[in-house]
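Below, chain A partners chain B and then partners chain C, in two separate complexes.
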Partner chain A sequence: MNVIRKFYYGDIPEDKTGGTIVSKETKTDWPLWEVFIRSKQGLDHKHAGSLHAADAQMAIENARDVYTRRMEGVSIWVVESKYIHASNPEEAGELYEPAVDKIYRHPTFYNLPDEVNHM
Partner chain B sequence: MNKMKSNSLIDFSLHLADNALILGQRNAEWCGHGPVLEQDIAITNISLDLIGQARSLYQYAAQLKADGSTEDSLAYLRTEREFRNCLLVEQPNGDWAQTMLRQFLFSSYQYYLYQYLQNNKEETLAAIAEKSLKEVSYHLRWSSEWIIRLGDGTEESHSRILKALEELWRYTGELFIAAPYENDLGIAISSLKHDWSKKVNTVFEEATLKAPENVFMHTGGKTGTHTEHLGFILTELQYIQRVYPGCEW
Partner chain C sequence: MPVHELEKSFQQKIDNEVKIEPKDWMPDAYRKTNIRQISQHAHSEIVGMLPEGNWISRAPSLKRKAILLAKVQDEGGHGLYLYSAAETLGMSREEMINDLHSGKAKYSSIFNYPTLTWADIGAIGWLVDGAAIMNQVMLTRTSYGPYARAMVRICKEESFHQRQGFEILLVLSRGTAEQKGMCQDAINRWWWPSLMMFGPKDSESTNSDQSMKWKIKRKTNDELRQNFVDMIAEQIKVLGMKLPDDKLKWNESKKHYDFGEINWDEFWQVVKGNGPCNKQRLDARKKAWENGEWVREAAAAHAKKRAERQKEKAA
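So, the complex of A and B:
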């Protein structure tokens, strides 16, 4: 439960007491959604940010209003944030470091024919 | 075009422009006060769409008047009795349910009206209608979903939308009664009522709502007789231009 101390016009006191205590049930808040936008030139959807919405339809419309106002996109995906599973930063060592000394996995050791320009 | 017809076209363009400007101004009152950030942006986005439509229509009317009027003078320097917007758009925001219902009732009307005007022989008017229709389609879709969400939502949201319906339904009759300028131009405004009612009833059904019957319908806005609210809107809207004439920034 979040507790917010709310002050009205001009009654913000120096000692920060007073005001009306407004409690807010977090369970009635709208869930958080992650937004992915594909731009006109882009092939893939890129994470654009997150927002609150009551349902998927509202999430898409909110995303349209919040993230595509300046013609950023032609396609929107939304997914409720709770369905995103993330890797644990504390496990970064065991997850990523083993790749560090395996430079042979990069294609930098090949001799390319001259005709191949853009690699 | 004869003189009478040209005056009617000016009046009709102003009527369309005033509808868009006043609803845009009303919706803009939510700016910074929306129930959540995302909806605050959504409603002010609609506001900007409407003000954009109003600008195109005022520019068109100013061009027809050809008396030195500009889009600004038409928006900022006409008095309450000269405004021809329908009564529905000047009604107060009330709570979110009332704002959503006002938007839905108006967007559904504007949707069929612009669809109809796309084929008008006045090319500029037809072009403005065609361009605005995409925006209005979105407003209609967005507000329909809110009506369903609120009507078929919680006990409180349902009771709020019922209250809004009681407040606003009485201003919907006027939309389909032709003003003299609409008659002159042969705009068959009453013919739109069938499609509009069908759309409204479909959404209401999904929202577990029912359109009120036998309600006294208020009229007058389209010919300049407004409810008490318009004066207050214009006072705020026109303040800067009245106090500092010609002010720009």
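So, the complex of A and C:
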């Protein structure tokens, strides 16, 4: 039994194979979009969630209604979920291993005299 | 990795308060339980729009109308956050909606009660949303990441719902004798169904143990219900109204309110579909879905045309 399911992108299971729940839908629905919101000028766009829409314009308008009803945003990005590629959590060990033993990359690694310790 | 190893490392994550994310390995039963719970939660938000929508055109002032519209729109938004969270587990939106319409998926039974007067809108905000918040605050710490994040967003928005409900009742409670009567009547009708929202007693709840172990739930039905009773029993004093329970009494040794027995027959009847409005609610949802068919088709056709036009331009 293949218990490790490979998912395409973080939030979207590939072929909708959700464990024992296998999607029976064949009809093409409105695609899924990921929504990123900039809460104010000067800050990054941050992932807010996802929604369905027929096209990008509609995705932006729906995102406005769903994610910015209380002025949470000044700018919206939308991208179709299928275009997002994500790293695989199963491979997290190897992927991030190179950073594990490099504590000298952190400022706290260096002991300096008190006089300059705010450096 | 063999399954039992995966299960062990999964439970370890849960025990260490590490959230489970969509791409992570999870036991099938965990996936299923979450799909069921999150989608039913989503359905509740969507069906929950109906009893309140009933009063949008009849709200007593423009201010109340605008507030109620905003609240109902929020509920729609909450449904969408939750559907998205459930979709990350591998069930399509359309399947979830089909399950709702076929009766296979349940929604909170509370929405099968009718909204007879304007005071009901106040009682729903205060009691029904209040009970929901109790549950939802707990769920901001649930172990499945997308569910927890949706709950954080929802809780931020819900507090306005409860406050506006209480304020509606507060205004009525200070009004004419007739308005006071309306206020008390709404509380009488909504109190017991609100207590039922927390589900069967712990001794009779089948899913509870495993859900606690997986930290999908972090408090039992009875614990949440008790917290709710303790909160409301104090707040009602501000309204100068009474909860319809002779057995409601502060218990000094337990530091909790004692309260009377819920009518579980009624609870199961409504769950089974025999509540006052079950049929009406489902019919309304189905009709909305069917009447929206042409909009969905038109939007898809429009998107296709626009994409083709852009392709031509590029060529």
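The rule we apply is simple: the second predicted complex is superposed on the first by the 79 of 119 C-alpha atoms of A that agree within 3 Å, B and C clash if a C-alpha of one lies under 4 Å from a C-alpha of the other, contacts with A are read in each partner's own complex, and residues count from 1 in each chain.
The rule is simple: a contact is a pair of C-beta atoms (placed from the backbone, for glycine too) under 8 Å apart; a residue touches a chain by one contact, two chains touch by 3 or more.
Here the structure is a predicted model, which is why all the values come from computation and not from measurement.
Once chain A of one complex is fitted onto chain A of the other, the partner contacts of A:51 extend to both chain B and chain C.
When both complexes are overlaid on chain A, the residue A:61 reaches chain B alone and has no touch with chain C. With both complexes superposed, C is the one of chain B and chain C in contact with more chain A residues. By the touch criterion stated above, A:32 is placed in contact with chain C alone, chain B being left untouched. Once the two complexes are laid over each other on the shared chain, residue contacts for A:88 go to chain C alone; chain B is not touched.
Within chain A, the residues touching chain B in one complex and chain C in the other are 30, 51-52, 54-55, 57-58, 65-66, 69.
Taken in their complex, chain A has these residues touching chain C: 1, 3-5, 7, 10-13, 16-21, 23-25, 27, 29-30, 32, 49-52, 54-55, 57-58, 65-66, 69-70, 86, 88-90.
By the touch criterion given at the top, residues 30, 51-55, 57-58, 61-62, 65-66, 69 of chain A touch chain B in their complex. Note for the complex: chain C touches chain A at residues 1, 3, 6, 21-26, 28, 31-32, 35, 70, 73-74, 77, 80-81, 84, 87-95, 146, 149-150, 153, 157, 296, 299-300, 302-303, 306-307.
Residues 36-39, 41-42, 45, 142, 145, 149 of chain B are the ones touching chain A in the complex.
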